[in-house]
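Each chain carries a letter (A, B, C and D) given by its place in the written order, and its residues are counted from 1.
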Amino acid sequence: MTSQISVGILGATGVVGQNYIKLLQNHPYFKINYLAASPNSKGKTFKEAVSGRWQMDTEIPSDLENIITEDASDINQAVGKVDLVFCCVELEKSAIINLEKAYAKAGIVVVSNNSALRSDPLVPMLIPEINSHHLGVIPLQQKEFGFEKGFIVVKSNCSLQSYMTPIFALNYAGFEVSKIIVTTLQAVSGAGYPGVSSLDMIDNLIPFISGEEEKTENEPLKILGKIGPFGIENKLDLKISATCTRVPVVDGHTATVSVQFNDQRTKPSKEEIKAIWENFKALPQELNLPFAPLKPLHYLQEENRPQPRKDRNLGKGMAVSIGRLRDCNILDYKFVGLSHNTIRGAAGGGILIAELLVTKKLL
Amino acid sequence: MTSQISVGILGATGVVGQNYIKLLQNHPYFKINYLAASPNSKGKTFKEAVSGRWQMDTEIPSDLENIITEDASDINQAVGKVDLVFCCVELEKSAIINLEKAYAKAGIVVVSNNSALRSDPLVPMLIPEINSHHLGVIPLQQKEFGFEKGFIVVKSNCSLQSYMTPIFALNYAGFEVSKIIVTTLQAVSGAGYPGVSSLDMIDNLIPFISGEEEKTENEPLKILGKIGPFGIENKLDLKISATCTRVPVVDGHTATVSVQFNDQRTKPSKEEIKAIWENFKALPQELNLPFAPLKPLHYLQEENRPQPRKDRNLGKGMAVSIGRLRDCNILDYKFVGLSHNTIRGAAGGGILIAELLVTKKLL
Amino acid sequence: MTSQISVGILGATGVVGQNYIKLLQNHPYFKINYLAASPNSKGKTFKEAVSGRWQMDTEIPSDLENIITEDASDINQAVGKVDLVFCCVELEKSAIINLEKAYAKAGIVVVSNNSALRSDPLVPMLIPEINSHHLGVIPLQQKEFGFEKGFIVVKSNCSLQSYMTPIFALNYAGFEVSKIIVTTLQAVSGAGYPGVSSLDMIDNLIPFISGEEEKTENEPLKILGKIGPFGIENKLDLKISATCTRVPVVDGHTATVSVQFNDQRTKPSKEEIKAIWENFKALPQELNLPFAPLKPLHYLQEENRPQPRKDRNLGKGMAVSIGRLRDCNILDYKFVGLSHNTIRGAAGGGILIAELLVTKKLL
Amino acid sequence: MTSQISVGILGATGVVGQNYIKLLQNHPYFKINYLAASPNSKGKTFKEAVSGRWQMDTEIPSDLENIITEDASDINQAVGKVDLVFCCVELEKSAIINLEKAYAKAGIVVVSNNSALRSDPLVPMLIPEINSHHLGVIPLQQKEFGFEKGFIVVKSNCSLQSYMTPIFALNYAGFEVSKIIVTTLQAVSGAGYPGVSSLDMIDNLIPFISGEEEKTENEPLKILGKIGPFGIENKLDLKISATCTRVPVVDGHTATVSVQFNDQRTKPSKEEIKAIWENFKALPQELNLPFAPLKPLHYLQEENRPQPRKDRNLGKGMAVSIGRLRDCNILDYKFVGLSHNTIRGAAGGGILIAELLVTKKLL
């Protein structure tokens, strides 16, 4: 990598944007050259724009403090300045779609954390360890959407990360999972700032997150899908039932998962499953991407793990930790998964996608 | 009730014992006349014995402050003083069995919060709304164990309370549940004091509670069982799979529950289920027992309920609140249940059993 | 009390309003006859108006569920319906002043939880145990403000309650306190709902509450002041320095307090101070007001008390608990105080004021 | 530094010991060569010995997993293996004194986190930014205690760190502070594991920490003292009054501090104080010690800072953050300080002392 790629952040003052800023410091590929947010941040230094809302435990990088924040909808400001934007604005669905398409149309690659385009069969929803081949749909996307150089790829919902890669690892080893019943115990950082009221999170939990169960049940079908003539086609022979809850944890989504294999005759033993997880590696590891964890999956032996505060930072927050694999009386097995929702599940996951695009010469 | 029944508490200085003391104040049937704990409390006033460990948000009742605490193993101290003891000592399983049998042999009725005798087919494990008919095994228990006047009944584990009565209500209405997959999110008070470390419960949760999943999976089979020639026989055609987690909540166990009905052709609609729950009443309500909630089950309409801090006190902590009934992609339906683990799930549940014994003339 | 007095709540859908509704159930003097809130609640049943925001751990009283919520600014709706309103609307200062004066002008007594009129020398700011004689300023208030039958009294800020009555008790016993350095550790319920973000209250605290230190330093000067020709005159020979912090506690403000006595030669011993506190009683106790705690001050002997969750409910949330009285190296003594901010510090305190007005024949 | 110095950890399985292990990874001066704990860890691999108790959010370093844990009292095991030990055993005071002296007698330098020898005038209690000159007492210590090559230095209590360096910076700039009233809001990690019960830290705080106020009031007098003929003499013209509380925070002690200057005529303005803090540098910065923060003191401009979770990691957990400097009605000024109790206040602080010893050629 002889020279760095200039990138921008749309929604830079929000929590996910701040995480991008924190994580992209000293990145070997990317250099932030553009910070944009809502119109009322326009013209302010980034330090002013984010004043009173900076949530990171590190200081604002000194080279970004005085950068002038732009209005994210002034696409012309970005043209010529950046080759890629990470998009994490908070807007209505249609406004997000318009914004992201406008950037792509202007020749800029968009890596999006928003859910607006996730169900579009022309837009790859990437977990780089699982479905990097979905990048193959980009020429069709460019053609259909009228993009020349730019395109859009999206991240999946953070709630999936705690169990999707473990399940994909089993599929990939030849043991196809057909049913999943999952309860997620999700961290408050997933709701942004101010997000969840402290009156709801002291001596309490909330057994509901708006829209989250639908995403948890549907997005995996696309991620595990195949490219067909009209784009990515959902996998049809997988059923997921999800209950999503919010618990008093800052970072780290935990999932209790029960699974059933498609073929009851050939289903693996617990020891086989643990071995599959411990040895799993995929394209990001082969490509040695900077944000790829050396070991994407960690099976923890202690019976009371994984725990969010103690295990979320494995692999610098990019690994999934798994524990408590045991027999299930009703489906085949059950286990507990955990991933860091603001690193792997948000900004770190977006950066890994962007790294993949670089090595795939798509940028 | 012309005169009150004298009762004692074995394990009076522990958290469950303290809850008994708090809840039995001004009880119409019972009057505490005997407090016993471990040998090193012996001879101290109760106020001294519990010093530094009193966890209730009310003061020690003034009539009990100066009662002399006894050693729970000095059964003779209790004879003549009490007709019933609530047993919540913390000892090894065999020591608990010996202790409880010794009290019963001495003619004292034992209502136990311990798990030691729960799997014994001769010992009824009662949730009064569900299986008061299991009291029919007591003559056999007395004969086999050599008790004359005394006998032992036990409470079930607190983790069951959040979903067992809702499920029983369906069974009772003719819709038999055959499969249950449950994840519990349990409060720290269930682990006693000091119990769970604060380092495990700030910005964290623990996806494991020792022995809890086994109890959660097995105890319902006995509660829903029938009396046979050798005692209570487990229900065999019910399968339960449980994952038990500890979350940063003081009181109130939440459960996310997926269920399947035995007969797929006749299974009830969601509206039927809600109506069954809202209208459910059982023996404790008919007998108008002092600790029986008027409405044992509350179905909450708001999509983000039940929540522990806001709903655990329904029915003075004796009701179960339920919410979020919806279709499940894999089993039939899923819902969320909640009950107060130290009231319904511990001391309040024990008191309700004792009230049932009184009205059944077993005391 | 032969017949009940009809009262209303302005701001009924907020957290303080909800507390009034919870606490006024079955009140011997008062019956809620009017619930008002912001214009967008107008015309809805109270159940609809408060939907998704009900924070109490008891159900909405069934007799209020279907009451039609009014717009608090439609004063005519209240006339003839109520003799007194508890005002806890959330508006700008000038709008609150206008609203409260309009109600008083319409002949309705206003007991206000707002800070808008607290510094007005014509408006008594009452802690009934301390300064019920400030009611003497009401004729002057009525004359100056042009009220005939109505008038306005206000509650002080909740942060004071944890130490003002203990300090007044010393003053009253003849030991005048002249300097107070206090740090408050305040509960999140004081900020309303949604109030403080959970991201600020998990594994964190905030050492700042907007406007709170000014109130904590200034309001006591008026409460301890005297009535002069132009209204209540602040006490001038008392200095207070406050630091106010927000901590992850639901209810209960704790204060660490250092005090110095005016007269160093006659200052009391620690034993004298404890005796003064334990024996303190005032007008609400003499009048036997329903919400008056039998014992306004509890000195707790255990070295690690008071604690919010365990002690805030003393005297049904209306008592102040105190502990850890010890020598201070710089001022004379230091101690820890605690009071329940949403009961004594908000709705309960307002009700006690209203009860005082009844017994003083001002209503 | 051509070759690394071999060090050991006494009390390696405890939380402070684990922090040493985490922080010493890849240290430029030191290499861990010896891990010791209580007798029942003896002979186990470190991984076994710490099983179920590892609290760090990183994995056990792979080169230490299989090191055989020794009994800390087998001093001979350490001789020849290490030049320095970090001591954080949990024993009775006299046992700690004997243990530390025995190591020193065996020629090993002891850097201790224990309080046992803190009040001994022959033992320097070091905050390297403040009193590195106290190392001058070591020859006297060696003579009096009969040590040849070894000696003992100790860390101060973690509660001091949040305000002592800010106050020293003022003293050092010529503005001597004579009175301090401080309330600390301390994190639970300071109590070790399991330490504080979660039942005391959910919706609660404890206004007491055993022995902590005495340390907070007395240790600064020694740290700011001078070396006299018999060792370090306490500073006499400084008075401190402390209230120490425990709050639901994992890491990071906050202090609310009021101070008075000795000379009222020359006291600095708030702007001068902020400038002093922002520009403060001391010996560790001049020596460029690896664990020295570039900026020991950070004055934060935002009115609601410092906050533990957001600011404790400034300077990799070795800096103190300060905010909210304002006038005090009673003493001169008040402010809020914060430091990371397990890094600066424990293991990181010990490592900085050891680095100082190296550069001072005492090792």
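Going forward, a contact is a pair of C-beta atoms (placed from the backbone, for glycine too) under 8 Å apart; a residue touches a chain by one contact, two chains touch by 3 or more.
Note that the structure is predicted; figures quoted are calculated from it, not measured.
Here the chain-to-chain distance from subunit A to subunit C, counted in touching steps, is 1. Taken together, subunit C and subunit D share the touching chains A, B. Annotation: 43 Å between the Cα-based centres of subunit A and subunit B. Centre to centre, using the average C-alpha position, subunit B and subunit D are separated by 48 Å. Annotation: 40 Å between the Cα-based centres of subunit B and subunit C. Touching two or more other chains at once are residues 55, 200, 202-203, 248-250, 304, 309-310 of subunit B. Interface residues of subunit D facing subunit B in the complex, by the touch rule stated above, are 55, 188-189, 193-203, 248-250. Against subunit B, the residues of subunit C that register as touching in their complex are 51-52, 54-59, 202-203, 250, 302, 304, 309-314. By the touch rule above, subunit D contacts subunit C in their complex via residues 179-181, 183, 185, 200, 202-208, 217, 239-241, 243, 245, 247-251, 254, 256, 258, 303-310, 323-324, 328-331, 334, 336.
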